[in-house]
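I have a structure here, written as structure tokens, and I will follow up with some questions on it.
Letters A, B, C and D mark the chains in the order given here, with residues in each chain numbered from 1 onward.
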């Protein structure tokens, strides 16, 4: 069983079928095809408001390009020190943001707390020439430590942003897992709470390669599309990005896949706790961070489980990620089948 | 029949099958999977020399990232005025090249002539502080006007580059069509002639979305990979890029598809000439540029042919592009079936 | 006599005195001093309209930073092929413009003609994703070939820009020489004709090192100042920039210096023509471009004249530049004193 | 008495005279003049080794351009959180560094400790694609809190850099004050300890506007000069930068000015302590950070002292900076003359 990441999982059948179905005919390139033209409407239905959607093939591109419209070349983006955009996306934020700077702050379990943010913005917005003023706040949902902001937490952050006139971005590489965990409407943790732009992940949750930049402020479309093209992310066969996304939304596939992954993670937590591991955080989505001793880690590896040490949490910490296709029965049986 | 571009064509069956086959199992992300690890060897066999391969999902990304290792932020890239990188890739060259500048020159049928290039480089390399020195030359094979550099032309350009110590880049979005047209070994028009980096196109020729940056100078790998990541082009499910490329190379699918497209173009030229059009250039690959009067253009449109006016060649000029799946019989019959 | 450039000339006495006078006392840094606070008013009086002034120490910085507010990272700046920003300022335009691209066009004697510009903008503004749309036009006054746009020529260009909704920038490294040549009000060839931003040169015309970015659109101030700081061009001892500029404006020193240089150039032209040289263009400002044979060029050099060959005009062409301190009597006597 | 910064001080007489002396004659531009050609030799004598010198007009430019050769667009620069490059130079590091990222760490009194640095580099250099690897370390001497690294501290940092193969940069805006405080040879705290590039400040210590980028690795010259030109920092009247620097080195003017400022700071500390203030750090150079109550602060202000609150140290903390011309007698008398 491979828990090293959810991106080790393959394409789920519905999406693979959609790709195959697109291969029967010709279609105009660069988003002028029928499927691509349905995207705005499909996502607007999902979110219950008019949105503009700009699909790209990777989550990093979705973050970098999505963020770029919210910050000037002289501005800063406040994020958690452990944010993916700060730790794992090279110098991409400054690249697409023409020099914009990440400003890391702390908070428990990779979450930014509204009060901390308020204090930070109050002391760091100077309107001067010398320093880098925060112009945008970026949060990750679910977070890099597998936790999930609840609705009120995001609302509180949104209010702080409004107070300081900063924009709000959400890295939603695992957005589906958060919605599944909260059992809320996707609007509740996005535009209704003040989010301006969301990167809506699909790749980790069953797609081949597509994440959607969802713009709740349609005025951002032109800049976002221009930056996508400049970055080489405008697909000629754009319809394959659209086909994946439409299949992903259809019949709530995105939620079904996420619920499966979350349930698998819950079961995995139970199984691992039964054999002596302890959770570093109360896991809510599809990522687990577990403390365990070397013996147990070795034993799991010897039994064919793949997972990764996670030094930023501790020397005895490991990450396990479940996906849309994780074998729940086998996970439940783990304590009994382990040699 | 849709001749508006080769990128309107769908995925060819062999590549679709390869994508489906990858969906049976888990695999490590970011290029650590088995398929990805075969890429260097497969391309090294194809080219008869050791190469490093960095796949990306679009031709624009392949050009921009491939070029970026060959020029400094203060340097220039000499290309034809009509080059795709100059006309159709936004400000991407300066973006990935940290400010590097395109220097357009002229030449017949979108081709750079070695003598013109030699003269240009002789007068424009100053080694001073103020001007932008050419550091790299970029050619397109086959060209933006559907013509093909023959082996000796590329060799001559390569020698000029060597003389002036400039690097040589080849935009090979339609490289397969050029090799099919010349019936040469791919090495003859690349590394043996002095090409440092090739963007090896697959998307237009049957893939879903993948072009390979082929580095004939392995020292470029690190910069190229770092720039790919920074640009958000490193796929987590990298194996799907690899699977497409491996299927594309297997049993010379890339060449078979290109030969089909080229033959279709030849037949289309004949058919269009029979009904009164004339070729703007001697077509060699899969792109035709035809002069025709308004009546004929309208008649073709009314009969369901899609194609595009091409103002940069003339007010009565149109582009027709054939693909791996163009219906050769129907093309041959065109003069007879046209209403 | 050194005619190799006007930047070989030293600081003129009035400006040197102003610098010395500033050295009597302490003053707040970064533009908060008394002198700096007078700049907007002084330039507003000069131009007869409210302007914002951002001083920098070099003409290149004035051009690059001044331009940067008029173009997006995805946009183009139309300029003459021979424009200083295109030929002699490294890759600076893309640097400060976050990737913005120079689009060179032709015209006689380094001047853009309104009709050519209109045609170019009509065919190159696509509002598409792929190409680089012109967003700004940049002209140089006086031009790189020593000619001067007259008032009606600039008005015509301004109208074309208005028609196509592009911004208009003026590189005025030798603006004073143009105003002196035209004997017009500075407003006539700037904001009244549609110029948005002017780089107002002082360095070549008697200052130590200062050129003023004059913003006729005050909304550009914040971006311009932010970009100046980012580029390291905000002086801590800003008052010395201000003191130079105020002295430069006082009692029309800028015009007096320019008139002197222009007159010297006129006399030099006469003297050179008497001994067999011919002007490449009708010279209007302080720059001459002369054709002459090798013998004459050598003879001038042997007599201690410094000047530079100018290959972009012709193999027998040379540039002579006069300055605020060029010795007019000696220039007149040249045909007689030459050995 | 104005202690709000050392940059409120005017030009010192020796440097003003040097500027005036340059105004007697013509000289070639862009560094081809006699004075500019002496710079390398003059600084090589000062440092006792062959160095290349690239002068610019501001300390920010010296830092940004000097750093740019030590880091790739994908790399990080480790600095103290309170470093000037991190707090007060806008997004300039990413600008000149083509995206390079600042990585802030902690340490007492704005100093990086070798052990902390070693631990940081050990855990943050991954050689992977995703994260930003530290490629350079930047320290400030004297520091932003007025403290000074002693020779052994810099040697220890140099060794850590060598161990991890990272480059070492020194922001020496107040380098003279550090050398004066340590009474060491300038080589001891630069190249002998492993510093690759130093920004050697002069502006705050008596010049009009010039800081020198001192390259201890001559291979960096070309990149540094190219980046200077691109940034608009290459002066046409370059000789005035050179003249300031040569006068600054002559007869150890730089050290004499710094010793004066340091002594003034010492006296000021004594005087302030006598009236109830306490030093936040043991002051070593020309900057003092003092804690005092509101009453005392108000009283000082009422008596005509200018100084600035310094919130990053504490709500009751203030900065006082002395300069080359601070009135030592009046400072000594302060406790007695205060109303």
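Throughout what follows, a residue touches a chain if its C-beta (ideal position, glycine included) is under 8 Å from a C-beta of that chain, and two chains touch if they have at least 3 such contacts.
Here is each chain with its UniProt name: A, B, C, D = Threonine aldolase.
Note that this is a predicted model, so its numbers are computed, not measured.
Repeating the C-D interface, with the same residue numbers in over half of the contact pairs, is the pair A-B out of A-B, B-C or A-D. Set side by side, the interfaces A-B and A-C show unequal numbers of C-beta pairs in contact, with more at A-B.
We define each chain's centre as the mean of its Cα atoms; on that basis chain A (Threonine aldolase) and chain D (Threonine aldolase) are separated by 42 Å. Per-chain CA centroids place chain A (Threonine aldolase) at a distance of 50 Å from chain C (Threonine aldolase). Distance between chain centres (mean CA atoms), chain A (Threonine aldolase) to chain B (Threonine aldolase): 34 Å. The set of chain A (Threonine aldolase) residues touching two or more other chains comprises 73-74, 89-91, 95, 99, 129-130, 226, 229-230, 234. Those residues of chain C (Threonine aldolase) that touch chain D (Threonine aldolase) in the complex are listed here as 2, 4-5, 7-11, 13, 16, 19-20, 22-29, 56-65, 89-92, 95-96, 203-204, 208-209, 226, 229-237, 240. Contacts from chain D (Threonine aldolase) toward chain B (Threonine aldolase) in the complex involve residues 30, 72-74, 98-99, 129-130, 225-227, 229-230, 234. On the chain D (Threonine aldolase) side of its complex with chain A (Threonine aldolase), the touching residues are 73-75, 87-91, 94-95, 99-102, 123, 129-132, 311.
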